[in-house]
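The following blocks contain the structures, represented as structure tokens.
Two complexes follow with chain A in common, the first pairing it with chain B and the second with chain C.
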Partner chain A sequence: MRRLLTNAASLALGVIVLAGLRWTTPGYAVLTGPLPSDGRAGTTVAARGFTVRIGDVELAKSLRYRAFGRTVERTSDGVFAVAHATVEATAQSTSLGGIAWEDAGGIVFAHSRRVDGAGALLLGKRLQPGLPQQGLFVFELPRGALKSARLLVSESAEPRLDSQARIRLPDDLQGRAVSEGLDLDESARAR
Partner chain B sequence: MSVTGLWRRLALRVTIGVGGAAAVLLSLGQHLFDRHEKSEVVTLPVGAPVEAGEWLVTLHGASIRTTTPDGRQLRNGQRAIIVATEMTNRTGSTSTDFYSLLRLDAPPSTSPLRPTLYLARDKELLTQLQPGLAESVDVAWILPADQPPPASLTLSVMAKTFKPRDNLYAAPGWFNEHVVGTVNFPIERGDGNGTAGG
Partner chain C sequence: MPAELEPARPEQASPDTEPSASDPRHSDAVPHSDVEPRHRDREKRLLRLSLAGLLLIFPLAFAAASYRDVAALLQSREIIGEDVQSGASMTYAGGDWRLDGFKVVTGGDPRLTMPEDRALVILRLGVALHQDVGELWQMCRISLVDAEGRRWLPLFLTLPGEIERLIEPGGLSAPSCGSVALSKPKASSQVTIEEKFLVPRSALTTLIPVASTAGARPRYLRFERPAL
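Showing the complex of A and B:
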């Protein structure tokens, strides 16, 4: 009887331990996910193949830029956030395919494709080592996504086992004034 | 053979028999339940938001035109059915998974696989939809030139189900496309050319 009880107890313990291991093992997607390198706006954040430094963030209700010989105007029900950035390749030529805005709740807004063709964008632009480039990251967001946000920057759009710069943005963004219209070309030239 | 041996064999047979019968009944019941579920096609309202997995979609109405929503003239007498919608991305990230949201069941189109979507705000092709930002989107299907202009259309609203961990990568994602319901509504004549050649 005693032996039976011991066996049953050890079996139950084994089941519990194995279930615990099974439940706490991170999934394949987590294990092979991006390798974060954290930093703050205003400082240079180094990732595996590039460095990025975020400067000022401007907010606007509409954007204007010249592309293909005409002026394009973009309006939004939310707000456009335009981040000034300096990026540079470190080891070899590369480009940034993943530029996103993550709000406090973890919702990820990809770089807006509605401003494709604007000259000052850094998304997909060829970067060379030793030649820092200044330009803009443009996001279209609801007003609520401005609070305690961070930028996620990586070489591939969905980095797997590759580094991703995570840049904490200033906390006062939500209180900042939103301009009626912003000219992307002028804004990029001004700095 | 002893009485115990006979009794054991009988018990074994009865157990197998009961188990088999239970399996057959369960499978039959499941099959009937699935059939019942599949036969129920909901008719969705026009002009009210419909929850369709990743999307919250409102269908406003349909028109038939000879120009696409970005202002280009269709060639060879083709016409386009254009459904005016409002779409909101309900997921946690920017999405481009909107081509399969609406399926045209009738009339038949020459673009059967995927419609073309236009962002009404820009009058350009829709490239992405940001989470939580509702946008007016025009969904266009091209009709063959020799087909008479239809008076009404039937759409299916499709949805996918969220899985926090998929079977292959244990990553969150949207899978298993299914029909939420169908909508049938009249087509307005758009720019006067809807009846031409029909």
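Showing the complex of A and C:
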């Protein structure tokens, strides 16, 4: 009887330990997810194959730029966030396919496709080692997404087991003035 | 295998292994000591043999399971470099490879002026083919590598004919390595490969052209180039 009880107890213990291990093991998506390099705006953040430095972030209700020989204007019910960035390849020629904005709640907004064709965009631009490039990241966001946000930057759009720069943006973004209109070409030239 | 691991119980009856009263392990009242010393030794030997077998089996199983991955890794990496002397050629991936041109464009004509920190490099390789190389030349990779190990990959760039002539008077532009491979050149023909690179001027002094193809990696070619 005693032996039976001991056996049952060890079996139960085994089940508990295994269940604990199973519950606390991160999922496959987490295990094979991006490898973060954290930093903050104003400093140079180094990822595996590139470095990125975020400067000023401008907010605007509408954007203007020249593309294919004509002026394009884009307006938004939310807000356009335009981040000035300097990026450089460090290991070999590459491009940044993943540029996203993550708000305080973890919601991720992709780089805006509504401003395709603007010359100053860095999304997908060819980067060469030793030749830093200055340009813009553009996001279209609801006003609520400005608070304690981070930028996520990586070579592939969905990095798996590859590094991702995560750059903390200034906390005062939500309180900043939103300009009525911003010219992307001028803004890029001015810095 | 399983037969060897069977417990030795069936042999219990053999007379020479009968438990003796002098054996302390059997003289007491414990009813479970039914495994005789000889069988116990045999069991121990088998256990050691099995454990030693694991040392062999684990690496073998790993090798069998990852063979394809290792092969793919070797096919993607440039590991064994072979130096090609300036002006000489070397046999690689079904042909004789030679550096035919390493032209640096920084200015001259106003239409060719580059910003001060960068230069355009136009690289030409000539290959005399021994065999059909369509398969061998898949994932052909031509790049420039500097002393720090930084690597510049070719530009996807087609220059206007006028600019081409400014850079190489009388010279016609040649296709990239990838296009040459896709055109499946035949044995005993001569092909020219041209690639263009955008590099910082500060790296120009140590840049070396390297070439490799999936069919010949992990071997790759390093070309010595004439001084600038």
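Rule of thumb we're sticking to: the second predicted complex is superposed on the first by the 191 of 191 C-alpha atoms of A that agree within 3 Å, B and C clash if a C-alpha of one lies under 4 Å from a C-alpha of the other, contacts with A are read in each partner's own complex, and residues count from 1 in each chain.
The working rule: a residue touches a chain if its C-beta (ideal position, glycine included) is under 8 Å from a C-beta of that chain, and two chains touch if they have at least 3 such contacts.
Just so you know, these numbers come straight off a predicted model, no measurement behind them.
**Q** More residues of chain A are touched by which chain, chain B or chain C?
**A** B
**Q** Tell me the contact category for A:Glu186 with respect to chain B and chain C: first, second, both or neither.
**A** So A:Glu186 meets neither chain B nor chain C here.
**Q** One more residue to check, A:Asp38. First (chain B), second (chain C), both or neither?
**A** The answer is neither, since A:Asp38 touches no partner chain.
**Q** Applying the document's definition of touch, where does A:Leu131 land relative to chain B and chain C: first, second, both, or neither?
**A** In the superposition, A:Leu131 touches chain C alone.
**Q** Check whether A:Ala29 is in contact with chain B, with chain C, with both or with neither, and answer first, second, both or neither.
**A** It touches chain B, and chain C stays clear.
**Q** Touch test for A:Ala91: chain B only (first), chain C only (second), both, or neither?
**A** second
**Q** Show me the residue ranges of chain C that touch chain A in the complex, using the header's touch definition.
**A** Touch list, chain C to chain A: 117-118, 143, 149-153, 155, 198-200, 202-203.
**Q** Would you tell me which residues of chain A are touching chain B in their complex?
**A** These residues of chain A touch chain B: 27-30, 74-78, 100, 106-110, 112-114, 116, 140-142, 144-145.
**Q** In the complex formed with chain C, which residues of chain A make contact?
**A** Interface residues on the chain A side: 90-93, 126, 128-131.
**Q** Which part of chain B faces chain A closely enough to touch in the complex?
**A** On the chain B side, the touching residues are 92-94, 119, 121-122, 127-128, 130-135, 165, 168-172.
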